[in-house]
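Two complexes, one shared chain (chain A), two partners (chain B, chain C).
Moving on, here comes the complex of A and B:
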């Protein structure tokens, strides 16, 4: 029986707490008597027979939907869309659950005599997936059967020939998605719901959309009013996507949604990484030895080697549920399943929130975690891992631990480099950035070219990363980065600190000497239900 | 100060020991402390039948075992128990994993058997060892797994874990050495065979090779601590396979009978043993059903007969 997540009140007996620190780690002694640590739940039991669960989900759909086989017929246009490289994090070990689901869907399509099948990686404005990444996601059998014939490909949000405008929402939000998907008799969308933010109408309305459509919810105003992204009913981002979903339905786009949840088994229960998902006072002699060896080895390695080691890690996630059918009904059940693994009740807010940022975020898989992504991961994702109210009080301090190197992947993040050098050098205010710079970057022909033909994120993507953190920026009194490269931390508008003690000293200027402190022990993913 | 006796100075030092700051290791170099209000989980049992021996099947452990087998075990066995090996020709043409089912008198049985196994089985064999004895402590468990390639066999209760573990290794091509009696003989005579070897043979569809070890009890019987050198004999029998519809109990009885026939062969000769087997008069491994002193008497008589047959010099 896996133990649920819980909140530990730190006392003098509490050992130093693990902080992820990019491609390394820190052990930090938290002040006794005024600190607490939010620990994630242990991994829930995985399904014994995932393939049987998938077949069952396809046969017994939720909501107002017929079973998949009843929706398939000869001569129809079928488009299977799936989540891109940003899910799950870290990538899961083979076979990826997308592969299992897609193979099950294709089995039924073949049995029904469906010939016209396309598979699309729904990546919105993310970078295109490489062949190896696509093979990992859909499996070799599917890749070899479809990709050589041009039937398995990445969505192109800048291809005017292959985008279909479907209408506007009552709020004037334009809905434009992939033309092949829009004109299909059936879209089967294959999701991995790593966090409660994923899935639902966001899959289609965002994953298959163009910049014209995305800008209506990926903007400062919407992001500031999403409290939080992880709570659909309090997220303006999701409300916008749901409105767009209504437009899709109205335009006759038929979607058979398949969502799946994974457990918290990020680092495994054996091997050197397993120590990262154990509670510190339960570290055995072997755990401590492997941690010491791992940390000592990593600290002596060049950054490239470290990055290669971490990026090659494939998580042994177990699939905990698969649901299929009508979008809203499926998403409702799957969100509850996600909460069952990740939600931890927490009483009250804190003055100082601390977090150790790991080596990976949705936008640097097989890539570099640049300073903008550090900000996005800390203020956009980890800060928003709450339901109810933020973990830290308004005007409180956020302390993040990450090396924050002034380093960018030149192929994946070309516009990030210019954003960091040009835009952030001028201002860090999201609204001002949006007003003065977004259009220029979004419509830049060179960035557009790189997005469409290379493996670059769209020119506007660094702006969206900055907007992800705008709710946190507006909410917090100060952001401190422990162990970060000082000049890049300052460029972000944050304060660098060498040690946690220094950071706490700096924080005391804002929140006083006896401030309460909460550490989010993440990853594995934990979400706070703050009352 | 020079006048102060050394004993007084030591006492003074001891008194002020609390004032001297001794360097202390901190976490993670030292074990973690447990925060108040947290119930530490009960330590998971990693010994006995739960001991994980996977590491002993990896190449570093296999290489180490080969070195121990050839460099330590073989010379030791040669020094203590000059071994005569018979019946190896019965294994001709036999391929793949097999189960060697032997009688059990002594801790020396395993070294004698392991050094007697022919290739290809010699370096790809594991031993079924009592979980409650060989895997009782971390040190004995590690030593058993490394030196003998042992896996823990639960003998005090019925469990599938041991059988599953053995079957998994057999499926990977490993052979097994097992003592179906379940433990060393307490009095020199054998004990009834349990069904483990028969069950695994049926389950994994591999043959059982009966193996009789004679003389190891004289060197290091149960309860003795000092070995006394003597000669031993290892006799390999013909491979047995489960017959159609045969239960594990019946099959175990057949294996026991085959080992008893080998014992008869070792103490008399092949022809006598075959004739007695044909007429159903093979002496049972468990000895005569009689009071303890008569069983002991019969055992010494058998040993005397065996010893008389040993000729150190040719008859001229």
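Moving on, here comes the complex of A and C:
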């Protein structure tokens, strides 16, 4: 029986606590008597027979939906859309759950005589997936059957010929999605719900959308009113997507939603990485030796080699549930399943929130975690891993640990470089950035060209990363980065510190000397239910 | 009079060249510059008057001379020994203050009728800078006959004198000559957007003059140091970027495409190079749009540069040297209007010339802009 997540009160006997630190780690002794650590739950039991669970989900759909086989008929247009490279994190070991689901769907489609089938990576404004990445997601059999015929491809949000405008919400939000999907008799959307933000109407309304449509919810106002965007019912981001979902339904777009959840088995139970999943006071002598050797080895390696090692890690995630059918009904159940793994009750807020940022976020798979992504991961994703109220009080301090190198992947993140060099050199205020710079970057022909033909994130993407953190920016009194490259950290508008002790000293200027402190021990993913 | 003097000593120039390569400004210690007591320059005619400098700036062209880095081009249009200093605010014998217009054109040389450029008012293009009753010298500060600002006394022709309004401080007045250069450079720019390379004195003043002359112009500037960034933005640049970021900034601002080796398919229609180095000229050609113009304002030297983009994209390379007389009038308005006297960061007495030169040569890195000699307290000057 896996143990649930819990909150540890730090005392003098508490050993140093693990902080992820990019492609390395730190062990930090937290102040006794005023610190606590939020630990994730141990991995929930995986399904014994995933394929059977998938078949069962397709046969017994949730909500107002017929079974999949009843929705399939000869001559119909079927489009299978699936989450892109940003999910899950790290990528999971083969077979990816998307592959299993897609193969099951295709089996039923073939049995029903459906021969007009397209598969689309629903990547919105993310970079295109490479062949290897697509093969990993859908499997070689599916890839070889569809890709050579142009039937398996990446969504192109900048292809005017292949976008369909479907109407506007009562709030004036324009809904424009992939034309093939919009004009299909049925969309089957295949999700991996790594966190509670994923899935629901966001899958189609965001994953298949154009900039024209996305800008209505990927903006500063929406993100500031998403508290948090991990809590669907308190998230304006989701409200907007749900309104767009109504437009989709009204336009006759029929969606068969398939969502799946994974457990917390990010680093496995054997091998050197497994220690990252254990609680420090339970580390054996072997664990300690293994950790010390791993860290020493990593710290002596050049960055390129370290990055290669980490990026090659495939998580042994187990699938814990698969649901299919009507979008809302599926999403409600799956979100509860996600919470069952990740949600930990926490009493009260803290003055100082600490977090160790790992080497990966949704936008640097097989890539470089550049400083903008550091901001997004810390103030966007990790800060928002709460329900109820933020873990840290308003005006409190966030201390993140990450090397934050001034480094960018030139192919994946070209507009990030310009954003960092030019926009952030001018201002870090999200609203000002949005007003003065977004349009120029969003409509830049070169960025558009690279997004469509190379493997670049869309020109506007670094803006979204900044907006992702704008609730955190507005909420926090100070942000300190431990062990970060000073000039990068300053460019982000944050304060660099060499050690956690230095950071706590700096934080005391804002929250006083006896401030309470909470460490979010993440990953594996943990989400705080703060009361 | 007390004066810093540059003598024609080849060995000293060679030593300065070596020293200057290791540390800019180091030529002051081993090169041809020395502090001396010399006879005051004789007025060439009765028209000429004595000017006792109050402040005299140190310019990039002065530094190049001191470090032995000047082009051989100047050989026939300077005369040794000379006292440097062409950015001068001084005092006439009647106590009134003047800014010296240093160009030594036909009128100052007693050449009548003047050459065609002088007749047209283009003093900076004078074709007689090595003739007439003066020794060769394109400006005061490079001519044996007139002396220069780095001394307690020099001489000037009445056509070279610009009265200084009472309310203008000496620090502001000494900025008039370099500002006139910038005004002249800005007058040559005819484009809606421009990149200004360099944010030393000349770069900052060029940004100021461009903003003043072309209100709607879009200015992208490069600046190495934080204080330069702040000043560039304050004086009118729309965006200020690090030198290595210019190509990306221009690409973004112009919507150009970028090829695999980083070169742009477009660019800005005008680039003003206020550095004049091999690197800056190369960069200027890389960011100039097809059919655009590179204005060379910073004094260049002997450089090696790939002119292929100039040829393939039909880019014009255009010099911008000194000024017309009316550029001084505009500069005299601009200096107080934009409070350009604040750019004078430090002043030195002549005796500390090595420190002054070293400071000027590393002004940017040391948080400074314009370094000048302060002659107002020189004992010899006040005894004249």
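Here are a few things to note about the model shown:
The rule is short, and it goes like this: the second predicted complex is superposed on the first by the 531 of 531 C-alpha atoms of A that agree within 3 Å, B and C clash if a C-alpha of one lies under 4 Å from a C-alpha of the other, contacts with A are read in each partner's own complex, and residues count from 1 in each chain.
In this text, a residue touches a chain if its C-beta (ideal position, glycine included) is under 8 Å from a C-beta of that chain, and two chains touch if they have at least 3 such contacts.
What you see is a predicted model, and the numbers here were worked out from it, not measured in a lab.
Placing chain B and chain C on a common chain A by superposition gives a fit, with no clash between them. After overlaying the two complexes on the shared chain, residue contacts for A:449 are found with chain C alone; chain B is out of touch.
Measured by the number of chain A residues touched, the leading partner among chain B and chain C is B.
In the superposed model, A:282 makes contact with chain B only, not with chain C.
Taking Cα centres throughout, chain A sits at the apex of an angle toward chain B and chain C that amounts to 120 degrees, reported as a multiple of 10. Using the contact criterion defined above for the overlaid structures, shared-chain residue A:16 touches chain B, although it does not reach chain C. Closest approach of chain B to chain C, taken over C-alpha atoms in the A-based superposition, is 44 Å. Touching of chain A by both chain B and chain C, each in its own complex, is seen for no residue at all. Against chain A, the residues of chain C that register as touching in their complex are 239-242, 245, 248-249, 251-252, 255-258. Contact residues on chain A toward chain B in their complex (touch as defined above): 8-11, 13-16, 27, 280-283, 285, 288, 291-292.
Residues 26-29, 31-38, 40-41 of chain B are the ones touching chain A in the complex. The touching residues of chain A, when paired with chain C in their complex, are 417-418, 421-422, 425-426, 440-441, 444-446, 449.
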